[in-house]
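Structures given as structure tokens follow.
In what follows, chain A forms one complex with chain B and a second complex with chain C.
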Partner chain A sequence: MSAMSPSRRRVLVYAPLAVAGAAGLGFWAMLRGLQDGSFNPRGVPSALIGRAPPDFALPEVEGAGLPAFAASDLRGTGRPVLVNFWASWCVPCIIEHPQLMALHREGVPVLGVNYKDRPADARTFLGRHGNPFARLGADQPGRVAIEWGVYGVPESYVIGRDGLVKWRWAGPITAEMMPELRRLLA
Partner chain B sequence: MTRILLLLALLLAAPALAQVGDTTYRLEDPALESRARAVGRELRCLVCQNQSIEDSDASLARDLRILVREQIAAGATDEETLRFVHQRYGDFVLLRPPVGVHTILLWATPFLFLGGGLAAILLMRRRRAATGIGDAELSAEEKARLARLEGPPPP
Partner chain C sequence: MIPELGHFALILALMLALAQSVLPLWGAQARDARLMESGPPLALAQMVAVGAAFAALLWAFVTNDTTVSNVVANSHSAKPMIFKLSGAWGNHEGSMVLWVLVLALCSAAVAGFGRDLPSALRARVLAVLGMISTGFLLFILATSNPFDRVWPPPLDGQGLNPLLQDIGLALHPPLLYLGYVGYAVTFAFAVAALIEGRVDAAWGRWVRPWSLAAWSFLTLGIGLGSWWAYYELGWGGYWFWDPVENASLLPWLAGTALLHSAVVVEKREALKIWTVLLALLAFALSLLGTFLVRSGVLNSVHAFASDPARGVFILVLLGIYIAGAFALFAFRAPAMAPQGVFAPVSREGGIVLNNLLLCSLCAVVLVGTLYPLFLDLLAGRMISVGPPFFNLATLPLALPLAMAMAAGPLLAWKRAALWPVIQRLWWAAALALLAFLLAMFLAGAPVMPALGFAIGLWLIAGAATDILDRSGLGRTGIGNALRRAGGLPRAAWGAAIAHAGVGVTVLGIAGMGMATEKLIALTPGASTEFAGYEWRLEGVRDFQGANYTARRATVTVLRDGRTVQVMEPSKRFFPIGRTTTTETAIRTNGLRDLYAVLGEERDGADGRREAVLRLHYNLLAPFLWIGSLIMALGGGLSLTDRRMRVAAPARRAAAQGAPA
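Our next item is the complex of A and B:
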């Protein structure tokens, strides 16, 4: 290819550099997303976003002294609420708990779904770490979780003022995610 | 010796008998059970992500296996059962993603790459033919220079 013009040659020389630069930029964006929680490589997009939560009715957690809830309790609340699936046997739930407590103190209605748990264990967990839940339902068979498309605990959903699912997070809510979450729940 | 060989063969064959999870949730009817299994193999276990729910030992996979069998036993078709799970877990739960506006790039990528490669080869061949690289004749001047370099023919 002796007929190649110098300008074409220069383009070819810089092309790999441009590709490497673009890849680096993408990688940096991914790392940043990992840090503030907007990117989760193992995350599965929720089929519920923009839709109403499924129809369900949960019994209360025995002896917890908290009212249970059903789908109707998520409609017409007048403000965004957080629905949190958790279990006493779930280790990341302990990491997440202080953030739930903080939201509770700020007046956000946090509704808990106790997933595949023993009532006594759930009560002990809340006794030890504090109770952030305004309402608490028991999903021992895990069927309501499947209706929501939950694939592990902890998992959290923001239900907007309009009663539609606005946001879903699979995994513990970390302190870094709080500004974003507060904005969603405002 | 034959005994040891037999023992080894039996040991190697053991995985063939291995079954995931407990067998409590099999359907009585073998036809329904085989349908349930075929449906389950289309569904991704969302916990392990690279296994179907039939292959996975995760508790969610077990729950979904039971759910699929309930649906099949209640008279749902294979498509209805798949749709039931798809509605709740989205496209990701299907091991074979559906062809749609948002997945067309995924499905088209192999053909795009193949087409791009073919186009590149064709383009290069055409350009080579145009510039005459490969079959250009030597000019008289070049022939004379070549003869000079080669020197006089050996006696």
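Our next item is the complex of A and C:
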């Protein structure tokens, strides 16, 4: 170190700052990407994107008073729909619930899949937090979730007018994501 | 009520931290002794406030207060008390409070034990620690309040992830935080030195114990985490090069380099700029780990519930601390003239080599950890850099590091000769060669494990040579040598023990390179031959635990018809949270582990129920963790060295005054 010329030293001492700055910019871009969905470290982008969702027919959630839900309900609705996998035992589902309620009020058809849940618990949850769902199917064995490749609850899919999967989000829908989501659902 | 008090205590702590980051620094710049003296009481008061907040959080978990959303999300009334307590820091919000508490404890320790420090240096160190505290308290209050209420309260909580309901994991985070936060103190010392534009032996003497303590805790924390992964995840492995594991390894590598170069500053006043940079790096890498784990940019089994908003906040904090410190470094470092000169072959030269290799290792691990993220960002491609890359890339660096490690402590300061050192190590080399040949040709080990055995023994023998040499064995009588060995500085013993600990861990790694496993489906009463033992499945029964139900298998391990061990691997089902965990059965005799995992139960070909068992024979597995324990013990012993307690140069420096 002592043999180094002063000018080279002067350049070298800036190296840590430069490296840290570049890394910082990269992380910043990643965080922005996380927010708008273009960067997703949860790996495996859904294999369903651009394809029709697998065929299924779910029974209704007992006593919820909502129509049941099958693959045919996703086609020919004339507008994009949001499919949401949720459960009453899932905490992030409570976080995302206000966003679902807002979409429901705006007239977006939100179709719910109640994942591995007890009907009574699901009814209590909807009674307490409000019901955003136009249709609600019970996926007690979790079969449909497996066929869709659901990572965990909550998880949401946008199905386009053409009946094909346009977008997938693993995790709660946050308030920051709403502008993006409204654009997809327009 | 109690949660509100906790929230209030956090706000109070923030105010105190803010005062702590401004007043002493101002005092040091203006040479106002009264302002400088405000540092220690502020640090103590901050510790009390954060301690009160943490106590309030513990209270909420102990009483299972379901109006606190953090308790709802992470606890349950049916959970054993120890895991209710550990649940308080087993989640993002609580762990941040623990982080800040440890930081406040360290600040208070600097305030309390730092009476011998030049008062301007102490004031600046406390101010920097106060700034770090301020940032993280703001982060907690703004994005991760652990005392948020829910209304109406649910009847009970959701339960803690069963994987985390474990004693190893109850202790793992606090130990890691003690390590990370210890590096906050060395960071603060480095920043204070940069502000002063002066690094001297007294500075080195103060940085060394902190880096030593941080290193010892981090070593224990990493070892404990690896042990937990080994017995809880049930994959039979001990290190997965998972990004979050790497995030704890990075500050460890930088910190190990710091530990050694700080000695050079202390003894020879050389390598000053480099040591300051390492102190900045060790903490920067600790913060990087915090960012990676909590921002959600990584995909890992360790990741906390992620939230990009938190990520942005942490990134801004990191930007301020790291970029600020590096900018200060770029501005100030050229002015710090190197003093001590040394020949390439000398103790200093050895430590430079150690630093270069450790930092290269650190760079390799950093690149391997971040490369997938940046490739995804820049090219949109998803790749996974796995163990093959890390094993291949770290080996060429770890090998010379281990070779040099045994020789380094035998070199003299300033100028040394290589030949006498080689002469003293010939028996260690002979032992290593013998081990290599025996392992290769007698035990039939593959090349890499055989090399590992050789290196492990080389390190242990090298450490023994150091002690034997210093005590003068062979040159003087045995009684005299023993007396001299007892009178050696504890730092010398500590270094030798820590180096031997590395050797023990290397032996464990080599042994695990020869581990074998077998997957087999057995009906009750049937048995299989594996690793020289007969493993018989006696049966599988139901079992009721405190907050889970389980299926538990009984496997008898026999050798020559005699029972050696009875093992009970099980699968636990936790109804709250609906998750299943595997409970591995591990039986050790210190030299090898028998390891059994219960898998699926299914209907076999003949219609009888059969259970799938995975059996492992892990040679020398316990050495992995015993080694890290020995390393940490060595660090602890070195901490009790006499010269750590007697801070003579600090007084000399204080007498000279502290030019700003």
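The definition used in the following text is that the second predicted complex is superposed on the first by the 154 of 186 C-alpha atoms of A that agree within 3 Å, B and C clash if a C-alpha of one lies under 4 Å from a C-alpha of the other, contacts with A are read in each partner's own complex, and residues count from 1 in each chain.
Here is the rule we go by: a residue touches a chain if its C-beta (ideal position, glycine included) is under 8 Å from a C-beta of that chain, and two chains touch if they have at least 3 such contacts.
Keep in mind it's a predicted model, so treat the numbers as computed, not measured.
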{"item": "Which of chain B and chain C A:Gly142 touches, first, second, both or neither", "value": "first"}
{"item": "Partner chain(s) touched by A:Met30 [first = chain B, second = chain C, both, neither]", "value": "second"}
{"item": "Residues of chain A touched, compared between chain B and chain C (which is higher)", "value": "C"}
{"item": "Chain B versus chain C as contact partner of A:Lys116, first or second or both or neither", "value": "both"}
{"item": "Contacts of A:Pro67 with chain B and chain C, given as first, second, both or neither", "value": "neither"}
{"item": "Touched partner set for A:Gly152, first chain B, second chain C, both or neither", "value": "first"}
{"item": "First (chain B), second (chain C), both or neither touched by A:Glu176", "value": "second"}
{"item": "Footprint overlap on chain A, comparing chain B with chain C", "value": "42, 44-45, 116"}
{"item": "Residues of chain A defined as touching chain B within the complex", "value": "3, 42, 44-47, 54, 116, 141-143, 146-149, 151-152"}
{"item": "In the complex with chain C, residue positions of chain A that touch it", "value": "1-2, 6, 9-10, 13-14, 16-17, 20-21, 23-24, 26-31, 33-35, 39, 41-45, 89, 91-92, 116, 128, 171, 174, 176"}
{"item": "Residues of chain B touching chain A in the complex", "value": "46-47, 49, 59-60, 63-64, 67, 86-93, 131"}
{"item": "For the chain C and chain A complex, residues of the former touching the latter", "value": "72-73, 152, 158, 271, 273-274, 277, 280-281, 284, 291, 295-299, 305-309, 311-312, 315, 318-319, 322-323, 326-327, 329-330, 333-334, 338, 341, 370, 373-374, 376-377, 382, 577-578"}
